[in-house]
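Both of the next two complexes hold chain A, though its partner changes from chain B to chain C.
Take a look at the complex of A and B:
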């Protein structure tokens, strides 16, 4: 059972965070909120999202799983105006969710949760480098790099106390260094890994809205981005596997 | 813009493509002022769009590329058939009903045509559509006999609320081949706002629409189990295709060897790739979409997903551009040949180079280095 209303902008933010990686997801509802965890088809990137009860205007739910088609949900947002509320309603064992927004009443067929990939287990990894940066700065650096190359190196220079991003194309390269003053925090442990910009571009768009993004880095290890959504009542974590160039 | 990317569209600004004009041969034929016989298909030109001209293709022979191949015809035979084909032209408003009847029928209908002037020989080639020999403006066009229409075609063409995309999908799903769909599409019989579509655009539009739908279904399927290598060749178009387990990704590399049709003094290599969404028009042009269709058909029949690296290498045996159907059929042929299972990506790449006879296509691939270097989360 689910009966909830939420600000359309907040719900859109949450759905956008998931849609950066996957076209469909298994949404867990409990009496304390929504959560989901999914990996993309290539098993390269993972998203974990949590949306607390407090993010909703009203919220009542029992423990269950919903198969959500993300593109269908995005279509619904097109009908929502600023400040509109979205109401979600689902009966026990029902296959259709009632979604109402701006006077429109949708009846959305849910996906069979058996057809969605099982919830992935997050790998246990130790990422020593840690920093906090404004989401917009991070996204801008990613956008600038995407013009030059399809991959980007991110790392921490322990000696200079900087966070750096370097993209090398066939003929050109670009480098952006963030000194300690430009960052909100930096624990300078030497780190450097190479990542595919294909994934980062989509994640960057979502992260650009966050005031603060925590970035965890290691040596040829995945990167973890961690940030709040829904005015602090929701939380997103991205994990992205690196590219390792063998010579 | 290189010749291999333009393929005679006239992007260089010259009034006549210098490569194409090599084929303006003369053929001794008695000028005919009328034609009576079968008209297997419809041709709409793209010049001056939207004020295009078009009309039936008239020949008492097969007009269907798969049938040409099944009959074992050579490239010379096909150019011969097309040289004898007459393309009737008129403004498209004039004989709309007749033209649509010709396009909609699965069997060639008979026509009687009177030309304004005796038809002249003017063999034109084009990278996308099959060449046509003669053309003449029509004074009169009459269809004799009745069109034979497939039930699904009838249903889809009568439905004016169905979008052209849905219509293409519905036709492809009921096993109507893309050659027929292209005909119906170009005759302006699909969609909500109907209009004649130039044949060369219709071919790529149908290839793209049908394979985009297949691609979306494929992306939901589980990956294939092992790395498979396919190859096949038609008229000097060698196709080598590597399928790697994983999510849908497609990369095509087209190589025009030295002194081939669109090649110059050295090899010309064009590369393009895509994931789930494709942005913009491919620099490989129509061939990219035709090849993608054939690969999608294969994966769809297996109900599996894969990353695809497709290489088309053209030798100078391919002396006349016959149209993108050559690529479509060459890839279909390759996928129908037994696959070779490779233990690793490196062996598959080596095998592919051995089949092609060279390995300088490799640096142009961006998917192969990506697959080699990208780790998955399972790795940690």
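Take a look at the complex of A and C:
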């Protein structure tokens, strides 16, 4: 059972965070809120998201799993205006979720959760480098790099106490260093890993809205991004596997 | 069976050319497979996914495959295409890309044969506007978990061309060897079941299960085919033979059970939707459950129309009602394979004919039975006068042998030297044809491999070149300079003046003055001319004149 209303903008933020990586997901509902965990089809990027009951205007749910087709949900946002509330309603064992917004009533067929990949277990990894940066700064650096290359190195220079992002194209390269002053925090342990910008671009868009993004880095290790959504009533973590530098 | 083990087996087979050794390798793999794995293995090893009777299509074009491979390997699609152009083979290119893959992953799931088959089945069942995206995701999922070597064969299976030189004949022999059975029995079971996978499963159960095979309605079997020959030889060898008109139309197999009917083309594609009028005509002519073999021809003012008019209808999926009025289609039924639950293919032809006549009221093709050369020759002239292609001579005692081009059916028609060949490549045209293909590389087949035989650049109208371009543009596998390689799918009928030996082409022969006659979209790649057939024509030509009757 599910019966909830939520601000359309907040719900869009949550759905966008998932859709950056996967087209469908298995949404867990409990009496304390929503959560989901998913991995992209190439097993390269993972998302885990939590949306607390406090993020909703009203919320009542029992423990259940819903198969959500993300693109269907996105269609619904197109009908929503600023300040609109979205109401979600699902009976026990129902196959269709009733979604209402701005006078429109949708009846959305849920995906069979058996056809969706099982929730991935996040790997246990130790990432010693840690910093906090404004989401917009992070996204801008990603966007700048994407113009030059399809991959980007991210790392921490312990000696200079900087967080750096370097992209090498065929002929050009770009470098952005953030000094300790530009960051909200920095645990300057040496780190450097290379990542595909294909994934980072989509994640960057989502992260640009976050005031603060915690970034965890290692040497040739995955990167973890951790940030709040829904005015602090929700939380997202992205994990991206590195590329191995050829040279 | 893990897919990596299957891939290793393919790799081993790819490295050898001896047929006996191949049969040996395959036969040693079969007994260890489960009932679920066995049919999948048998089909995969031939580069097939679904049973031959099934009209299910995977629907993955090279483009979608390249895109998925690029995503998984962490490179752009253009890099995938560059690698393919370098290696000249999609499988090897994807193997290379996966080996060099610099993108690490969080998980790795081991692929097994059954899982791969299930994924492919789910890909094939995707329909509608989101199907391309769903297919892309499924292909990424498969390639994302594939070892480089698995990637090589996954890619080739998805393009339904395994390129390891294993033909159906070798797999049949391997099945017989693996389960100590007579290979004739395996071949016979294949003719009725039209799925070597199912044949293998029965072979595992034993000779009795293999003997007890029946044709199933709506599982089309292959058409029995005819050889070239002469009236005199047929009469000399068999005495009285049956002569029927050879219709210049499209071959069909009509299945009916109760009120439910389907029609299949020569390539066993379901063409029911395109021919509602013919279906109605046949439904109205029998109350029995039947599978019948025939040819549908187009008629205008009582005269047969050219073959192209029928094909146009076979291909049609839209505006069927409109097309129905302009061309009148008439079925001609000449054989029956199944009647009210009984499989008839092992009965002699004259007995089948009796059952056909008693079960079906209309549209039965006229037949003359005679041991007199003049009578048969008269029938031949009548056929030509009435605008038909020639005649068929059939041995009265012969069984119906699906898929076999045996000596029991002989076609007599005016000598035209044409060959049906696969289009495997092209060169871009020049001048006003610069955006179209100009010259085409054609191939014949030997043991499941395609061997380049000749190029054809003449005989096309501008309209035909445009049509050919539209049919081939999504089948491009790779390009280098002006050359394009295709995923083989299209068959051309090509005329020529002479067959010559040639060091230029892999087949060892080349065509003199090749010219394009028409697209044979009623024929598939497995129907094209064999190298043996070409060698035979070359021999006949050296003897001075073919065996065909001159008009």
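Here are a few things to note about the model shown:
Methods note: the second predicted complex is superposed on the first by the 245 of 247 C-alpha atoms of A that agree within 3 Å, B and C clash if a C-alpha of one lies under 4 Å from a C-alpha of the other, contacts with A are read in each partner's own complex, and residues count from 1 in each chain.
The criterion applied here is as follows: a residue touches a chain if its C-beta (ideal position, glycine included) is under 8 Å from a C-beta of that chain, and two chains touch if they have at least 3 such contacts.
Just so we're clear, the structure is a prediction, and the values are computed from it rather than from any experiment.
Aligning the two structures on chain A places chain B and chain C in clashing positions. When the two complexes are overlaid on their common chain A, residue A:244 makes contact with chain B and with chain C alike.
Of the two partner chains, neither chain B nor chain C is touched by A:172. Applying the stated contact rule after C-alpha superposition, one finds that A:160 touches neither chain B nor chain C.
In the overlay built on the shared chain, the residue A:31 is in contact with neither chain B nor chain C. By the touch criterion stated above, A:54 is placed in contact with neither chain B nor chain C. Of the two partner chains placed around the shared chain by superposition, chain B and chain C are both touched by A:196. Of 93-101, 111-119, 129-137 or 183-191, the segment of chain B running into chain C after the two structures are fitted on chain A is 129-137. 23, 39, 41-44, 46, 120, 123, 150, 194, 196, 198, 222, 239, 241-246 are the residues of chain A that lie in the contact sets of both chain B and chain C, per the superposition on chain A.
The residues of chain B lying in touch with chain A in their complex are 219, 246-248, 275-276, 305, 366, 369-370, 372-380.
Those residues of chain C that touch chain A in the shared complex are 71-72, 74, 76, 102-108, 133, 137, 140-141, 144-145. Note for the complex: chain A touches chain B at residues 23, 39-46, 120, 123, 125, 150, 194, 196, 198, 221-222, 239, 241-246. Against chain C, in their complex, chain A makes its touches with residues 23, 39, 41-44, 46, 120, 123, 150, 194, 196, 198, 222, 239, 241-246.
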